[in-house]
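Everything below concerns the one structure shown next.
A, B, C and D are the chain letters, set down in written order, and residue numbers restart from 1 in every chain.
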Amino acid sequence: MNGLDFLGYAYSAVWIAFFVYLITLGRKASRLEEEIRELKK
Amino acid sequence: MWQILRKDLRIEWRTGEILSSMLLLSLLIILVFAFTLEPSRLRGPEFLGGLLWATLLFSGTLALNRSFLLERESGAWSALALAPIEPGSIYLGKLLANLVVLLAGAGVLLPLMVLLLGTRGLQPDALLPVSLILGMVGFAAIGTLFSAMASGTRAREVLMPLLTFPFLAPLLIAASRTTTAGLTGEPLEAVQSWLMLLGAFDLVFVVAGWLFFDYVLED
Amino acid sequence: MAGGHREWTFSGRSVRLGHVTEIEPAICAHALHKSFGGRQILNGLSMDLRAGECLGLLGGNGAGKSTLLRILGGTTRPTSGEIKIFGVPLHGDGGTASRAKIGFVGHESMVYRDLSPRENLEVFASLYGLKEVDTEACLQRVGLAHAANRATRTLSRGMLQRLALARATLHNPAILLLDEPFTGLDDSGAGRLREILDDHIAHGGSTLLISHTLPEVAQLCSRGLILDRGKFAHELADVSDAEAIRDIYRQTIATRSD
Amino acid sequence: MSSKTENRVSHPWRDAALPLLTGGFMLAALIMIFFVVPNEKVQGVTQRIFYFHVHLAWMAFGGFGFVAIASAWYLKTGSPRADQLALANAEVGLLFTTLVLVTGAIWARPIWGVWWTWDPRLTMSVVLWAVYAAYIMLRRLGRGDEMITRYAAVLGIVGVLNIPILVLAIRLWRGVHPAVVISEDPEAGLKDPTMIWTLVIAGVAMALLFTWLVSLRARFAAIDDELETLHLEGESR
């Protein structure tokens, strides 16, 4: 495996991790929005 | 607009506070240049434009800050907001008053720098005042708008240069270039595009300040 | 101004009565909100200042009285809401001109410390576009003639308050917005302020007065509003009896602690 | 907010399509850049960073444009949504500008032999970085203060007015003394069609990522604002 391939795998891994993080952030935002809607009632 | 210009000049004429503090700081900055850089190397006229603008930038920031501190003290700024004049006119009045002070400062500072740095081989021509005035209009336009904003916040001394300096990047490049050209007798053609750039900068930001001051005047 | 002769001059002096119409209130504020530093100061507040009336604004510390007054005067911009001065929106076309109808005395004197009282009045006269204004008479009216040329920086608190009063009444405004105007004034100063107010009311001017001294409100005002946490808690149609106000005031504050 | 009564509001575009599309395109772009696309003739492997670098820059500057539009919208209507969008665009734009500077430095080191040079584009990026860092600083200073929000909106609009002048000034400035000359090899540049494809895919991926980040940031800004109001209402009850 040459250096470029290695970098490619590394960056893809980083991206997938970041992607998952962003998805959880989105979930968290939805949950908070839900809670605020509840609180308003 | 003229009322505000007259009022500011009257105060400045009486106290001389802004101009004297600006000049004193300028002198100190020249000393700093002399101590930190080898003074004999600063003799070349090609550095003078840049050194002058660097000095004016720092001392001018002080002057602009001070000018709005005067307004905020005892809340006179609110009285301007109460008055039946267009916010744009208040902006132009403050801009002109600041411009007069800044130009006066530059007028004193330039010969002082030539004297202290021992600059040789100067050939000043009509380009020099033109470049100083064009540069100062832009500086005062940005500075008046942003120090009006900064003076309303709790971190005014820090915020004003933070907001102003990046905006002044094109102005500083153009003004130091043309001022150096005006000092060394370069032909006008060499800096024509720089002068046009300065003009455009002045026009854009004077108009922007005039338009947006409405949102800055009131708390 | 379109239609009707609301403004006319009498021997060179604008007569304030001319502004008064029965239809339009002097100030009409609608749904004012203001938050500052993450705190809601005004909470959807609406009010009228009727032409010719003297309205007392009551409320505890931090109820939002001063903020309301500054917003009505146009030195602070509301987060949302609308203000009309004699039917003209304050923030809009013609809003600049309607600022000339307002005289404002706030917590701060709003004058330049480096100019003398006389010079200050000259500056403000020029800002209000007054060609010939008798600054002498204006200083005389507030009893500051003897200090006309002193540096404002050296004036005492009460003298500054007098100067602020002179500044606010310089242009004979149809509306006076006063935020605890008696603060710092001695007996003679307070007497002069009362004279000015009586004169203003007699000429049909409208007044909005913030005060913590209930007898003062009872003496000067014809109507009262109690402000609590950015909302109006109570309207007092009759404020002639200071004791009665005090009772209602206490009641309003008492309901709050529930 | 709205008077919607249903408990769960579904946002299929925001919650599903946008994340999935971004994830897919970004993965595709990474595969193209690292495994598919051939080396450029002159700059070699280093040139691959450009597939991201260029789009990062475009999205960052586009974001600053959106700051100005949202700011103008805020000044016109006072809508909190506009303000949240301006903040989100400024923050994500600043993040992307930071990445532009980092990728620029990584590229400059092997090609020009230095980490930093006063190249027009790099200079431009660093000045804009400072402008929007000051913008965010101003906003941090006055959280929840309507006056500061108004000032920031003015700054957001005036900041964009500065960009064309800045571009002209820096072009003129560096034009006088060309710092680095890149060889004019006719073989250089994007000659292979896969290079163009990579560029396009990376561009779409970057645009999607920018949109996703901005939408997330704006949602959290809205949540912040809502919590603030709820807190205040609770206080005055």
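Convention: contacts are C-beta pairs under 8 Å (C-beta built on N, C-alpha and C of every residue); 3 or more make two chains touch, one makes a residue touch a chain.
Since this is a predicted model, take the numbers as computed values, not measurements.
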Chain pair with more C-beta contacts, B-D versus C-D: B-D
Relative to the centroid of every protein C-alpha atom displayed, which chain's own C-alpha centroid is closest? B
I'd like to verify one number: the distance from the centre of chain A to the centre of chain B, where each centre is the average of its C-alpha atoms, in whole angstrom. 48
Compute the distance, rounded to whole Å, between the mean C-alpha positions of chain B and chain D. 32
CA centroid of chain A to CA centroid of chain D, Å: 18
Among chain B residues, those touching two or more other chains are 218-219
Going by the contact rule already set, what residues in chain A reach two or more other chains? none
For chain D, which residues are shared contacts with two or more other chains? 142, 147, 150
Contacting chain pairs, sorted by label, are A-D, B-C, B-D, C-D
Spell out the residues on chain C that touch chain D in their complex, using ranges where they run on. 34-40, 43, 77, 79-80, 229-230
Contact set on chain C toward chain B in their complex: 70, 73-77, 96-100, 102, 104, 106-115, 119, 123-124, 126-129, 160, 167
Spell out the part of chain D that touches chain A in their complex, as residue ranges. 7-8, 14-15, 19, 22-23, 26-27, 30-31, 33-35, 45, 212-213, 216, 219-220, 222-223, 226-227, 230
Residues of chain B defined as touching chain D within the complex: 145, 149, 152-155, 159, 162-163, 165-167, 169-170, 173-174, 177, 193-194, 197, 200-201, 204-205, 208, 212, 215-216, 218-219
Considering only the defined contacts, which chain B positions touch chain C in the complex? 3-4, 6-7, 10-11, 14-15, 70, 73-76, 78-86, 218-219
